[in-house]
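Labels run A, B, C and D following the written order; every chain starts at residue 1.
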Amino acid sequence: MSNRARSGLGLLERTRHRIVAAWRDALGAARGALAGGLRPDLPDDDLVRLRQRIEECLVGRGGEVSARSRAARLGADYVRFDDVGRSRFLRLLATDYGMDKGALDGAIGALRGADDSGRPAALSRLREALVSPRIKFLRQFSGLKEGIKFLIDLRADLRHLAQEDPLFREFDEELRALLASWFDVGFLELRRITWETPAALLEKLIEYEAVHEIRSWADLKNRLDSDRRCYAFFHPRMPNEPLIFVEVALVTGLADNIQDLLDERAPKVDLHVADTAIFYSISSAQKGLAGVSFGNFLIKQVIDDLGHEFPNVHAFATLSPIPGFRRWIERAAARGEPLLDPSEAHGLADLAGVMDGADALVGFLRGRSWHENPATAAVLKPILLRLCARYLLIERRQGRALDPVAHFHLSNGARIERLNWLGDGSAKGLDQSAGLMVNYLYDLREIEDNHEAYTGEGRVTASNAVKNLL
Amino acid sequence: MSNRARSGLGLLERTRHRIVAAWRDALGAARGALAGGLRPDLPDDDLVRLRQRIEECLVGRGGEVSARSRAARLGADYVRFDDVGRSRFLRLLATDYGMDKGALDGAIGALRGADDSGRPAALSRLREALVSPRIKFLRQFSGLKEGIKFLIDLRADLRHLAQEDPLFREFDEELRALLASWFDVGFLELRRITWETPAALLEKLIEYEAVHEIRSWADLKNRLDSDRRCYAFFHPRMPNEPLIFVEVALVTGLADNIQDLLDERAPKVDLHVADTAIFYSISSAQKGLAGVSFGNFLIKQVIDDLGHEFPNVHAFATLSPIPGFRRWIERAAARGEPLLDPSEAHGLADLAGVMDGADALVGFLRGRSWHENPATAAVLKPILLRLCARYLLIERRQGRALDPVAHFHLSNGARIERLNWLGDGSAKGLDQSAGLMVNYLYDLREIEDNHEAYTGEGRVTASNAVKNLL
Amino acid sequence: MSNRARSGLGLLERTRHRIVAAWRDALGAARGALAGGLRPDLPDDDLVRLRQRIEECLVGRGGEVSARSRAARLGADYVRFDDVGRSRFLRLLATDYGMDKGALDGAIGALRGADDSGRPAALSRLREALVSPRIKFLRQFSGLKEGIKFLIDLRADLRHLAQEDPLFREFDEELRALLASWFDVGFLELRRITWETPAALLEKLIEYEAVHEIRSWADLKNRLDSDRRCYAFFHPRMPNEPLIFVEVALVTGLADNIQDLLDERAPKVDLHVADTAIFYSISSAQKGLAGVSFGNFLIKQVIDDLGHEFPNVHAFATLSPIPGFRRWIERAAARGEPLLDPSEAHGLADLAGVMDGADALVGFLRGRSWHENPATAAVLKPILLRLCARYLLIERRQGRALDPVAHFHLSNGARIERLNWLGDGSAKGLDQSAGLMVNYLYDLREIEDNHEAYTGEGRVTASNAVKNLL
Amino acid sequence: MSNRARSGLGLLERTRHRIVAAWRDALGAARGALAGGLRPDLPDDDLVRLRQRIEECLVGRGGEVSARSRAARLGADYVRFDDVGRSRFLRLLATDYGMDKGALDGAIGALRGADDSGRPAALSRLREALVSPRIKFLRQFSGLKEGIKFLIDLRADLRHLAQEDPLFREFDEELRALLASWFDVGFLELRRITWETPAALLEKLIEYEAVHEIRSWADLKNRLDSDRRCYAFFHPRMPNEPLIFVEVALVTGLADNIQDLLDERAPKVDLHVADTAIFYSISSAQKGLAGVSFGNFLIKQVIDDLGHEFPNVHAFATLSPIPGFRRWIERAAARGEPLLDPSEAHGLADLAGVMDGADALVGFLRGRSWHENPATAAVLKPILLRLCARYLLIERRQGRALDPVAHFHLSNGARIERLNWLGDGSAKGLDQSAGLMVNYLYDLREIEDNHEAYTGEGRVTASNAVKNLL
């Protein structure tokens, strides 16, 4: 599960236009003023005016309706800012509108001094002190149409900055906490996406799909066919924006190859004989909701739904990439870690006509055509399967599986069921996963135990077949 | 604006049945277990089992879907508890599942010791420490159908207990804070209520109306007629439960009498000539949301809506009771405060044939028939108008207007525009307001200043006509 | 099944206002003209102007959109006419805008002379000739919001006139045929009515209920409770107007008493043990659709629906009045038909202290208190049961069962299953049905045969228990 | 406006599958029987069984619910028939289930003999006699989900046969009349189609578009952009099937080139300055509704809608092909009609290096590259514009404009406003319209007069600019 790094701003820009359009009414008479609004790069003299306006919003004169209209004006400016302007705007909030440390200290002192009867008020005061002015300001967007989407996109900008500059991190964490309270999983709506769904929403799936690119409307339609399912979570205040979505294929037996699964000419599966649901793609759609987690919940709810709709379906599993696998091999080889046993190293070196087996392995994998040569593939197959089992079952960082997708499914209680040789022959599949794919199996009877074993003791559950590869 | 103290449990019981019915699916196979569930009065040995179950919920084995199903089981038990059982359940949460003070102290210490780079994590830890186990447990209800309503009703129970016993207050404040974050005004939906609204919802208006009782479906229909408007706020997760609602009459000039306004036989007002919108009733519908404020926002949004729909309507005002007025006279008289000038006192004493003017006044008002005698009414009229102006404009407690309705509208920025002699001749009107009513005027041009003056300096804005009564 | 003769014009008038309101837009600029429109009683000089306007509509200048707007103007006049005006308007259409007999004769001649290749065009011409100008004119209302309802109500007026004056009958038949083509049962939507249905629609049930009056909103709510069902047919172009509706109670065994069934305090039936669905009321809601039949189709569809929802329910039956029973006794007695055998006659005469047994019977039944005297009731019981069986099973007019309700259910293929002594103790029940009620049973296995037997040979199917009463 | 001759049966087949799927329930237990149903080519012995089943449907045993289920069985067979089977099925209906001529004669005789009091019944009997058994049988599909669509597609098959074989024409006319009564324009719903419309519906626009092919989803999205409008008519019983749709561009001044209009890279038009709505494509979507007319009504309603939405838009016009233009030139040349004056003929002959000017003209136009050579184009331009004006304004067949698109808009009351040289440079545009396009202008003030002039006297209204071309 990942969130596609999207360079093209097409969708983002369109979203921004939509947001401003939605605010037309709230902006009302103020629109005239906007014409002479803040300049896109927010130069210093505009920064002074910006500060005044934020202050007005915070003072909250005229109640929340007026405050919203002022917030909408500032938001409309933000949307029209360029990168420099946005960065300067967020920097201002980061530096000048953080928590009042004196007030926070006072609240902490009061809590410590409070007796039982004073505690409720003291706690309330501490909670209040933990809400910084910038968060109070941003909360005013909640009631604006598209206002939540605005905040999510603003946080995407903020995260981008926070990755470079620690100055923004406290602000980012505050905004994450606010969004997390609003996006409580209890408030989300699971909706099925079908070919009857509005095109404007389907188009977003095409844009947001992060695992296996949707190449065309025909490809999309095939993924929504009668032997497929697609589900997404939505928030009631953002009914047209998927938060996360999952694509499922109903098949017979565990699927082992993603190209076969996505083949538009493949015959439809007879739903009366399908016994397995394959989750072959999960994509987060909102970069600004990073750190707010929905995936586990989505998978469990979809399993529940499918179980009701298809009583014959008894196995729920993924067909997943192993996105860090090839990079791990390269890095381990570079660090000189022992990856190969002598006979493997010898065979590879021979095949490649080089001295070092690990170099040969790295070279083959970089070449991306090794799988087309049967002899090469035959040599690589047992090696890559063994290394992949090691990568998934044994390699750790800070107690977590190295591979992010593995960590996600193992945390959810899934088990590593099977490795699929040449399960993804695409350029991306070869580049990231050395062409392999893995099935994570969600067995409802053991999910709780697997989850405990992994999160508690760091123990990975896998089938014997996979363990035997080691 | 008040929340009717409702003795009959009819609606509440029905709501509870609805909640349990909605959980059928989530309860699933567990239903059998429920048959041997906890007893309604929650005796000691059941308390032990309850504790185990809460622990299981908190451990969260199997992820949120499983946790929900366990929560639903406990919730279904709670709904079937009697008063004793509920009280024992809430007491257990209040005493044993509060914040971990050690963890809180640790988090506070860590925050104090944190440098800039450590602050985001330290703040996150403090925020986490402020969430007590009982709140984590109750949050699991958010995803259950009707789960939010369950929590609101549980808080109504909790508030009831907290009024008697301080032990519950910290818990109550925590739950209030949770609900306040969920019921951010930005998430609320303003919906118009009409005669086309489902009967099941209209029936709730009849139950919840707290100011002027709705006597029949014909009375209700009259309040939803073409020259009336009714608006309510809803939360997306409780689409069938109004949070607060307001009833509006479109009239010509300020309305001065509530019985006239509610007369079902009165002719309809021609909407082309109506120039005034009278807000004659605002009722909160959810006792469990006490302390989470919507009223100000509702009024402002409705004014905004009406302004668009009726460009001819230029005045927005209430026709409000003065619910504390008669009681204040009684108490002031009992305390011997000077209420009357000598000639007034003399006149009243004469009229009543008693020695003391204040006694006479109190006696008349208790009698409830004084207004039917023209001579008596003529003597009382100037006295009551003057006292009422004093009560509303001058009397204070902790800087607030004594009268709760006055405090609400003055905080919103309204002005006291006119007192209406015999504006409410009903038993309740005579009993609470000595038959008077008041118009609070929302003049959009001065709302901000009035609000500042009142909340900042405690200064009440009133028309000259009202001031002159003093 | 009947259509309540409704004297109060309340609903009708409101409907008319609604219709005109809905036409505001279509009327558009023409509204000014309306101010000087036709007078309510349509005096002679206005009749001249009316004729001109109808001509304009028929010429159809400017296409259908313009024609509609002209039709809306005339319709708005019609709605505001008084009884005299309406009658004069309809008379004008009846006399001057009927079929062109010459054109009809021409079309018939052409058809007779046509060879095979000319027949399609000749048939098309004949069909066209059968559409009178008045029907062409009225069809222009089809596209107006509420236009269909307008035509239905206009036909109600027309039927009223046609009952008195044969002049209107051809016109009435034409309009019936037009409505019948539009209200093809295939186009109707079956919708369940519940307490969640808009109050404005529920109010119409209260008005339209024709069998057992709905006394209050509480009575209505009881009829929509979880152990009850209510279904209605709607037309897509009149989504807020029920055409016909049926009320069903789920019970155990055949219900035998309507007051018990409608008792608001009666406990709810456990749906897990209910085995019988009782159709206790069917009401047509639109007088203007008389002669367009929906009832049979409604019952069959509801049986189908209930069968899916409640697999345990195996019996589908009515609890029906026998509305013509007492009147038949009176008339038969007046005609001197032999109703009683000698011992019955003797017993009755004795009991009443009169000479003639039939007179005594008629007298008792008129008295309406006979059932409260156990001795009287004991004498009457066997006599009335026997006479009722005779009335339902044997009495005929033109091959049909005398009783209209019996005719309806027998045509549908139901069987007379049981007579219920004192099944309806209300004034209406005593007055019409001598207190008796009957269960018609819809046994799906024999419906086709019963229907054939009755419509083909006039043979009535009844249980042995009922036959034995003879 | 035309209906694309579609060879690929993709959509049709899918529709048929959808229809059968929708009947699953109605088919119910009968599904087993279907397994041994009629064979796709309907051989003679199956024809016997088919006849039996039709008889059963007509007898109508068991009422309409049973009849529907039997009809669904036959319909499901029909859908699975191949061309031969369908043709045999329709032939059976055409030959054996037509009107009962004896009954028709009897009804006609009875009508002729009827006095005034007998006429209503006689008319009713005649109307009944005009409904053939096959139509009674087909009407039973009306209540089936997708049943209306089934009948429309069946009529498309029937029309296909009727074009070859007169035997089917009477049946075709009967079915047309039935569909026309159901598709009364008053029952249609005008809906706007946007990018928010379900993809499954948008896909149908791509398939049905008959004037300017929709090349891709991007092309479609461009046609639904904010400066475009698309409207379609729907029937309440076929909510997912457009009947006819129109595409509109909002522009400044009359558009003169279709490629410019459809250019996806063209900037959006500012809606504040747009003053003209261009109807650039109208397509009928249902071949089976040929002869049931919606286009005029659609255009008028859309003009009405646009007029409300865009008060600045004052001109409503088309940008239309002249589909018969080039063919007319060819045929006229072949017939030796004088098309050119001597100097034109000379110039053309010179340019082409041939003897005859008309031959040269025909040759150039066949070549399809003449417009790329400026010299050639310069010679052709005045000639083609003049000929086109003649073709549109003067040429007639049976009193109608020769060009079908011209006839449609002139009948609606539009005026020929402008000819656009090289308005459509596509292969189709060159092939059909010699690259020209025409604007038909809908001027609301003169629509009625134009319509009268054209339909009454055959007089075409055109601008002076166009007239001057002659």
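Note that a contact is a pair of C-beta atoms (placed from the backbone, for glycine too) under 8 Å apart; a residue touches a chain by one contact, two chains touch by 3 or more.
Quantities reported herein were computed from a predicted structural model and do not represent experimental measurements.
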item: Rounded Å distance, chain B centre to chain C centre (Cα mean); value: 49
item: Computed distance of Cα centres, chain B from chain A, in Å; value: 41
item: Distance between the centres, which are taken as Cα means, of chain D and chain B, whole angstrom; value: 62
item: Residues of chain A whose C-beta touches two or more other chains; value: none
item: Graph class of chain-chain contacts, one of line, ring, star, complete, other; value: ring
item: Set of all touching chain pairs, with the criterion as stated earlier; value: A-B, A-D, B-C, C-D
item: Contact footprint of chain A on chain D as seen in their complex; value: 194-200, 202-203, 217, 221
item: Touching residues on chain A, where the partner in the complex is chain B; value: 61-66, 99, 108, 112, 116-117, 119-121, 123-124, 126-127, 130, 139-144, 147, 166, 169-170, 172-174, 177, 181-182, 184-188, 236-237, 296-297, 300-301, 304, 412-413, 447-448, 451-452
